[in-house]
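In what comes next, subunit A is part of two complexes: it sits with subunit B in the first one and with subunit C in the second one.
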Partner chain A sequence: MNPVKLGWMHLRISALNELQYRANFFLAAFNALLALATGLIVIGLVYSHTESLNGWSQPELLIVMGVHVFIGGLIRAFVEPNMYQLMQDIEEGTLDYTLTRPADAQLLVSVRATSIWQTVDLAIGLIVVAIGVVQLQTATTVAHVTAFILTILLGVVIIYCVWLMITTAAFKLIRVDNMVQMLQGIYQAGRWPVSIYPLWLRGGLTFIIPLAFAITVPAEALADRLAGSTIALAVAFSAVVMLVTRLIWRWGLANYSGASA
Partner chain B sequence: MLALARYYVAAGKLSIQGQIQYRASTYFYLIGFLIEPVVYLVVWRTVAESQGGSIGGYSAEALTAYYIVWTLVRAMNVGFDPNAWGWRIQRGRLNEMLSRPIHPFHRDFAWFGGGKFVWILLWLPMAAGLWIAFRPQISPTLVEGTAFFVAIWLAFAVRFALLWALGMITFWTTRGSAIFEIFIAAELLLSGRLVPLELMPEWTQIIGAWLPFKWTFQFPIEVVIGRLTSGEVLAGLAIQTTWAAALIALIWVIWKPAVSKYTAVGG
Partner chain C sequence: MERPPVVVEELTKIFKVPVREAGLRESVKSLFKREHKMVHAVAGISFEVGAGEIVGFLGPNGAGKTTTLKMLSGLLHAESGKADVLGHTPWQRSKELLSQITLVLGQRQNLAWDLPALDSFDLNKAIYQIPTADFERRRDRFVEILDIGDIVTKPVRNLSLGERMKVEICAALLHGPKVLFLDEPTIGLDVTMQRRLREFVLDYNAVEHASVLLTSHYMADITALAERVIVIHHGKILYDGGLKVLAEEFGGEKTITVHAEAVPAAHDYGGVIEQTAVKLSIRVPRSDVASTTARLLNDMNVLDLSIEDPPIEEVIERVFATPKDEA
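Let's look at the complex of A and B:
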């Protein structure tokens, strides 16, 4: 079966399942708006004491924040639910049911679950990005928007790969739920451009947990701060991360023994 | 009373053993926690440096000390949050606790209290790393160190009781997470968690003084970084004790009507 068709069908079914619980929408919207208000207060507070944060103006920071909210929404809506499901299946030995199906196991474990209401963050993130762009003093061109879309797509791929690599450790360690807690904590660092961090942390946020590629680089694209070489690096990096993720996934599957099946 | 003390010691020991058993898992959890203050530290240091090296009476080095101590205070004041309460109610996990002759508050308080010893042990190498990376300006006296030790345990008692009381809302509604999010947002802005309250608008400082949040974050930090007089430290410890006593009393008052609402949704 066509992998795209299969993935779409799974996503549709899990989304329809989630759509039954409409109260969750109000909860997700409330949480998203509260997080947005808090984020805006924090940015306002920082810029009440300074005009520039290591060369970043307030509108540019708004764009970073919008991208952070957008990518965070994608993670919570599509990546995390699947990773939690995978962790649970590995721990309980129920991954067998997925592995016996005649389709690629990595694809199946990546499209089984959705928290569709979390997509409210996608809308909020894009609105914040748009407000940041409008407040910018420079003109935003088609090239900027194209680079933004391309780097966002690469960022999504990279973040998915990192989440899957971490989750794959469950094949060996069994309990990795706190690793995901750790990732969620580290993700908060992406709310600020990585260039403000000291070198050692910047390195970690670029190549180990690559929030630089997922959040700062797309924001730089819109703020006219992005060099062409960075886009090339992002493309090359995402290709390497995809390859490594695939290898780690296959290694993980080889270690799976259906512990509690 | 002696029996209760024995229970606390036994439950605390069990918790320590449990946390040591899953130390790698606890470590990951702690790393996720510690990113938050590192982010604040970098942001506010950058702001201070752009303003000539100090902001709101805090030098860049003093801000560094603030956030490094913050990491210990944060590790100390983790409690049983309302989301975990929701899970406990929905899954019917409270049944077993209700069948015991001891109040569940004691079980949770002893469990989390015992776990702090492991958390502090795991925190030490991380604090050393942050110390080397950021070079804070801190040299507490023996009195300040002793007062800090008392203050962080009282901060734990206040925040633990606050979260526990808040979590009891899930007896009435299984969706307590919205209330918890409001709590976290208020705490972030009014406790000194985001930034020392001196850097916030004046009205937040006035509101913050009347709420318990400040006594769980900023106060213990200020005790050890030497920004308070002896009188202020003693007054602060008294306020922490009052908050802890008031919140625990509140829990005891609400408990009976709360349990009468308990239906163990998924039990």
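Let's look at the complex of A and C:
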């Protein structure tokens, strides 16, 4: 069936589910504002000592931070809930039912769960990005915004794939909570543009846990720092990551033994 | 002749399971060097299930029943052998096949926990792309037969086990599957609820002419639903045939009960099940039934006499007592 429709049906169901737990909204909003305040204070401190951080001005860094919050919100709202559910289903054997559905199993496990309240981060992230853009000295054109949207989409795809690949290891290892927590830790590194890190770490953050494509590249698009070749690289890279993820997913399914009755 | 909906040939499934002794030392050792054991969960079984047929799948825990059902519904890949369900190899998981079968696991729940079952029904409608008319017809009929009109609007978490099983099985059949794999659908339910579910399955089977492969530890399920049973033990098929014939083949003894004016305290008629001053129940080999009955009639002033097959539970127990190397 149409993936968009399927995703929408599930989104609707899990939203209905989540709406029963209103307190979660206040919790998510409080968390998001706290994280934002800490981030702003740190940026403020850094720029009270210097004009630019490895070539990045304060408004540019605000954009990076906004994208970081935005993508983080997407991960927490749509990616992580599904990955935790998948992990739990593999451990408890409840994936059985999902696999008997006449729809693509990878699609099904990727759209089942949503933490709808985490979308508060999306709003906050976009506001921070907007403030950064307004403070920029240069004019922002339609081309910049288009490149931003395109690279954000590619970034989301790449992040989703990486998370799914790691979770798929649960087919073999059963418990992978630690790895997912590690991903959350590494994600914090995306708060800063990858170009400020030493070369070895930059490589890791670009191609192993590709935060560069998910966060720095979209921010670069808005800050007029993006080369066309980087977009091409992002497209090619996400295509490769999607293909590899698909293969790993298939391998995982073939290894699924289910928990015994 | 039309090909049966389910055809299984020499199907085998081997699980690799880590083994270690108990204790901390062994746990630490297994971190570095893990030992595995190969478990033949299903060891080359062959059978068929005809269109509209209900087959009981019997076996003790760990016999390979659930593993077989999971292979036939596409969850597990077989090690070797062939399976054909409605013309498809199940573990290729073609959408065409998956939309025509269903798997119900009595011990697992399928519906969204926090939502009324009706929402999950709608989701199934979308996933299985059930035409609205069919969906509504089946839904309304199921709701009526199972008497779940009040239940489907409550969040699933608020339902009792029996109520939940009713909505589970309803959800599992909304797409009108042609082949049903039911794994202990009545487990944990009270007697009335078990009967309700059995009647529901029978009705569905009659209306939709669907094939059913059913496992249950409750013999009442099997006797009420299945005329044919497949007995599986240690991953191999011990018996495949009529339930009645099974009783004859494995129930080597019959029970003779007499009511008489006076039952002798000491006698050698056979193994005593129950004895009072006026009643005697004994177990005798099938071949001795006629001669023993004659002796009883001759020796006592018999008021009433009955000869019965042993209860099916007892028969099954005898079958399962078969040692592994004979299986």
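Simple rule for what comes next: the second predicted complex is superposed on the first by the 259 of 261 C-alpha atoms of A that agree within 3 Å, B and C clash if a C-alpha of one lies under 4 Å from a C-alpha of the other, contacts with A are read in each partner's own complex, and residues count from 1 in each chain.
Note that contacts are C-beta pairs under 8 Å (C-beta built on N, C-alpha and C of every residue); 3 or more make two chains touch, one makes a residue touch a chain.
Keep in mind the model is a prediction, meaning the values are calculated, not measured.
In the superposition on chain A, A:Q88 contacts neither subunit B nor subunit C. Of the two partner chains placed by the overlay, only subunit C lies in contact with A:D96; subunit B stays clear of it.
In the overlay built on the shared chain, the residue A:L16 is in contact with subunit C alone; subunit B does not reach it. Among subunit B and subunit C, the chain that touches a larger number of residues in subunit A is B. Of the two partner chains placed by the overlay, only subunit B lies in contact with A:Q184; subunit C stays clear of it. When the two structures are aligned on the shared chain, A:T141 is found in touch with neither subunit B nor subunit C. On subunit A, the positions that touch subunit C within their shared complex are 1, 5-6, 9-10, 13, 16-17, 20, 93-94, 96-97, 99-103, 105, 108, 254, 256-258, 260-261.
Here subunit B touches subunit A in the complex through residues 22, 24-26, 28-29, 31-36, 38-39, 42-43, 46-47, 50-51, 55-56, 133, 175, 177-178, 181-182, 185, 188-189, 194-195, 199-200, going by the rule given at the top. Looking at the complex, you find that subunit C touches subunit A at residues 15, 66, 70, 73-77, 93, 95-99, 101-103, 105, 107-110, 112, 114-115, 119-120, 122-123, 126-129, 183-184. In the complex of the two chains, the subunit A residues touching subunit B come out as 23, 27, 30-31, 34-35, 37-38, 41-42, 45-46, 49-50, 52-54, 173, 175-179, 181-186, 188-189, 191-192, 196-198, 200-201.
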